[in-house]
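Here chain A shows up in two complexes: once beside chain B, once beside chain C.
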Partner chain A sequence: MSTKHSSGLGDRFGDGLWYVYVGLVALFLMTPLVSLVIASFYDGRFFSIVDYEFTLNWYEAALTSGSVRGAFTNTVYISVPVTILSTIIGTAAAIAYTRYEFPFREQFKLFALLPIFFPLILLGLGMSMWASQINLGYGVVPSIIGELVWISPIVMFVVSITALGIDPNIEEAAKDLGADTVTLYRKILLPLIADGVVSGAIFAFVLSWNNYYIVSYLSGPQSTITTWIHGRMTQGFTPVVPAVASLIFYVSILLVIGAAVLEYRSVDEGE
Partner chain B sequence: MLQATNLRAEYGSLVAVNDVDLQIETGQFATIVGPSGCGKTTLLRMLAGHQEPTSGTVELNGEDITYTEPQNRPTSLVFQSWALFPHMTVRENIEFPMRNNGIEIGDRVEELLEQVRLDPDVHADKQATELSGGQKQRVALARSLAYNPDILLLDEPLASLDYVLRKRLQRELADLNDELDMTFIYVTHSLESALLMSDKLFVLDDGDIIQTGSPEDIYRQPNTKFIAEFMGDANVFELDGVEQKGGSYEVQSSLFAQTTTVPYHHDHGEPKYLVVRYDDTAVETELTEDLGLEVDVENVLVRGNTVLIECGSPAADGEYVAEMPVDEFRATNIEKGDTVFLQWDSAKSILVPE
Partner chain C sequence: MSTIETLRAEIDALEGDENPVRRLLSPPGILIAPMALLLLCMFIGPMLAIVVFSFQTGNAIALNPLEWSIATYQEVIGGMASGEGVYGDVLVNTVAVSITTTALTLIVSYPAAYALAHKITRYKLVFLMILIIPLFTSVNIRVFGWALFLVQNGVLESIVSLFGVQEYASLMYRRSTIILGTTYIYLPFMLFPIYLSMLSIEDTTLEAAKDLGASRLTLFRKILLPLSKPGIIIGSLFVFVLSLGANVEAEILGGGSIFTMASNIQYSFGYSQNWPLGSTQAVGLLLITVVAGVVILRTIDLREIAARGD
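Presenting the complex of A and B:
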């Protein structure tokens, strides 16, 4: 970047151009989300910028609608167990991968991370076929299992980043100083990866909360927020949709900000 | 007394430590010295219990501890990276081994910090990550001493510190070893550390202990050419002919201007090389000592109060170096490009076998 040595006029022009470019990219990326939020407060059936009027009616309608509430409840019933279980599975896998030596360790990592790189729509399709083969059926529990397959590796990935930053001799040092395995985990290893685990859990919740493809195949008759929105979009749009979509977005953005704060805090701490 | 017998470590087909025997008396400062990859860290890890030997035994005061877990072994390892717990304060780091071993804490943290020359009022409640390299080293040491191990193992903990600090800590380690009735085993590739601190030296090369003894003995009479070169800046000459004459050998080389007799009290076979340390040699325009060779001065480098004179021999490909005090060298009026005699008192020569 030219920002480091901005002395001449040409450089300042270059800097200006650079900021304009960054601003345009940000605008391009944010416009859909911002328009969604603006639309959710628009008083009218079909959105128009020209005669905009503010209202909270659609939020009220969203929060009082039985079907929306049902979809929210189902989403929470899926996201909360997925967050807890994927955090446990992903953290255990991350500790195994980063802190232990075992045969085929690199192959284990590739295999464990494979679901992340598989197209979600195909992953969902495969799961749906398999679920009927083994008589698992469709609903909240199959959705939880399906999401775990995709989200646990992501938690593993996030926790691994923190765990790889820890001095490779730390476990041996702890044992050398008389720590048994329980003490090693409770006093040393888990506290050191705690920030990574919390970030991983937040990621897990956000990904589960926003997930459409897997639940669309596995939730069956139970609608979640994302499948509810998709249903409304295809069979009768109502202005409640932007309000519901914005609600999902608010929850996600709060958690993402939380994760970012944690990330910065651990960077500040140095090690 | 710590005794290792036939200690062996293999990684697949690679033999890292090859049936090593070592014996270290209680309270000794022993150093295992050798180049990178010679197996010294593997050997130390087997003594600490972090690695199981392929075969052989480790005994401490007669008790077999070969397979004792590190947490149940009266040894403590100070890591090269120090491995302080970054989420804890200095105090918590030091209390950690005491809590694990059920030792009463009391004023022990303060005592230990004073022992490693850190002011407890200033440092005890700092976060481990706030310390400088030298301070971390001291805290790591205090933490290892905290539960009174019988043996303190040190894996080059001074390697990453700057020269002045390293010198000071080396001295302090040696003092600490005198103060405490504790065996220190130090592993290093640095000859300087090995000579300065140790009572006993083990030279390790390629998984084998190739010489054991006091630093002085090994410096004076290295067993092999490798040790001679490793132990200090030295010129090595291959000999063309040797002839035993009582306790001495008459040695010849086509490079040398003279034939001379050098004492050799050794049972490692016939000498093959003559070694002379840089600082035992000088350059002169005339041959005045009883051993020397003609060389061309290729470079003159000032190293503090001495000068390194790099020379090449027209008769061989060899590179030889003389080290002289600056004043003495100036007095010779020798310059780069001159043809001179690199020479020394033949009694300063060291003969070594292969």
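Presenting the complex of A and C:
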């Protein structure tokens, strides 16, 4: 075997190909989202790139429509409590798992993170049957509880990763120096995992904001943005649908970029 | 500050206490309790409901403890075993969609994950953002975007018409369109686990192997493949299980003409109101999911992910 080392030029060409490949994958992932945004600004029946007619009418219609506004309000009523509660539940479980020793610790982790890997249709329909058996009913509150089951474990996952990166001896040191439990949490543990908690909370909000399966099974007569879009997609399409979907997408994209910047900053500091 | 003082005193009192009930109110008990309670009430309960209802008869929507039956199991398993009728189609469609999706996402993701971990240095954050954003966009919205791209008079048609292509077969409502949708939706679930395991391979290891004369094939077989194996396992199981539950993709891109397991479950619950029949199919999905989920969680090492930093 000859040990052939490619020249500098060849290497650079090879590296360029990797960029092209990842660029193509990125293009593939962006295709439907870009199509959506293009369609949302398009005024006309037959789509054409050559004579594209730009309009903001559909956005205006989306923002003034009563049914869209109702769906939007319901989505906020679900997403905000889900964000707050799942952040608390997930962070608490993450702290317990990463910073304490207790019996069945690994089993607890396994159990608590398992819902992440469940297809949402399975969670949704199980919850739907269960809700009718225990008289939980359907609406905003059952939707909140249902989404918590999927989202709290995700928050736990995100916060655990941050919390595992912290020196395990830090609590011992603080206790040796005379810190009690409340001081330990307020001054040491919570500030150290703060970035993880904030990214967890942002992810929680965005996932709840975009959730379809669980809400569709539990929201009953209340429509949310995602069930509204789904309904209009399957029956009664109007050009307002791309505009509503785009609006939801803009909110998500801003928040995800915010979370990424936060995460990136904390990694930079850590190095 | 007085509330904090009281809280402080109370928690300290709790910690020294040997009473088991009071101990539960101090960390870690109090930290575990909300999650455990939530999952017991709203995760274990619903999954039990699926199993219990699968053994009920007729169109039961309330539990009848006197009547149990395995009729729906006979119907579903018999149908699938014979390979004929609705369940034969469902089995073939579901397996075709899930296995093809898993294979395609693996083929597309593997080189991309390698490039992101070892080759891409400039604009890396931008690329990662583009790959992450779809994960946080509603499945409805993404599938809808594909429909807008593919439909007649859609975005694709207006692009190809620029090149003079006027007539081509409709791309919607086929099994391959569903596979395009599921491949798209679940690609990030394959990409990121493999990317994370690729990050654990040091650039210096790859350099050293090259310097020692390893060919590209040897490099791949002896270093990349074994070290990225956990990522491949996690990603494949993740994609396989999630694509089994793909319903919106089948509904929108398949136009309701192609039934997969998920859409058939949905149909049993929604349209035909047959909970036992829907539950029986869901039990199959549940079993596969639990096994895959446990394998994934045993393979993931949170400590290792945390240690990697970026």
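Operating definition for what follows: the second predicted complex is superposed on the first by the 258 of 271 C-alpha atoms of A that agree within 3 Å, B and C clash if a C-alpha of one lies under 4 Å from a C-alpha of the other, contacts with A are read in each partner's own complex, and residues count from 1 in each chain.
We adopt the following convention: contacts are C-beta pairs under 8 Å (C-beta built on N, C-alpha and C of every residue); 3 or more make two chains touch, one makes a residue touch a chain.
Note that the structure is predicted; figures quoted are calculated from it, not measured.
> Mind working out whether A:Ser219 is in touch with chain B, chain C, both or neither, as first, second, both or neither?
So A:Ser219 meets neither chain B nor chain C here.
> Touching A:Leu148, do we find chain B (first), chain C (second), both, or neither?
second
> Quick one: classify A:Asp180 as touching chain B (first), chain C (second), both or neither.
Both partners.
> Is A:Ser79 in contact with chain B, with chain C, with both, or with neither (first, second, both, neither)?
It touches nothing on chain B or chain C.
> Chain A residues in contact: does chain B have more, or chain C?
C
> Have a look at where A:Ile257 lands relative to chain B and chain C in the superposition and call it first, second, both or neither.
second
> If we overlay the two complexes on their shared chain A, which of chain B and chain C does A:Met127 touch? Say first, second, both or neither.
second
> Which partner does A:Ile95 contact after superposing on A: first (chain B), second (chain C), both, neither?
second
> For chain A, what residues appear in both contact lists, the one with chain B and the one with chain C?
Touching chain B in the first complex and chain C in the second, residues 180, 183, 270-271 of chain A appear in both lists.
> In their complex, what parts of chain C are in touch with chain A?
Residues 4, 7-8, 11-12, 15, 26-32, 34-36, 38-39, 42-43, 45-50, 53, 61-63, 108-109, 111-112, 115-116, 119-120, 125, 127-134, 136-149, 153-155, 157-159, 161-162, 184, 187-188, 191, 210, 213, 215, 238, 241-242, 244-248, 251-252, 262, 265-266, 269, 275, 278-279, 282, 285-286, 289-290, 292-294, 296-298, 302-303, 305-307, 309-310 of chain C touch chain A in their complex.
> Across the complex, what residues on chain A touch chain C?
Touching chain C from chain A are residues 1, 3, 5, 15, 18-19, 21-23, 25-26, 28-36, 38-39, 45-50, 88-90, 92-93, 95-96, 99-100, 102, 108-123, 125-130, 132-134, 145-146, 148-149, 152-153, 156-157, 160-165, 180-183, 203, 206-207, 210-213, 226, 229-230, 233-234, 241-242, 245, 248-249, 252-253, 255-257, 260, 264, 267, 270-271.
> Note which residues of chain A are touching chain B in the complex, please.
166-170, 172-180, 183, 187-188, 191-192, 269-271
> What residues of chain B sit close enough to touch chain A in their complex?
48, 50, 69-71, 75-77, 79-81, 83, 85-87, 96-97, 100-101, 129, 143-144, 146-147
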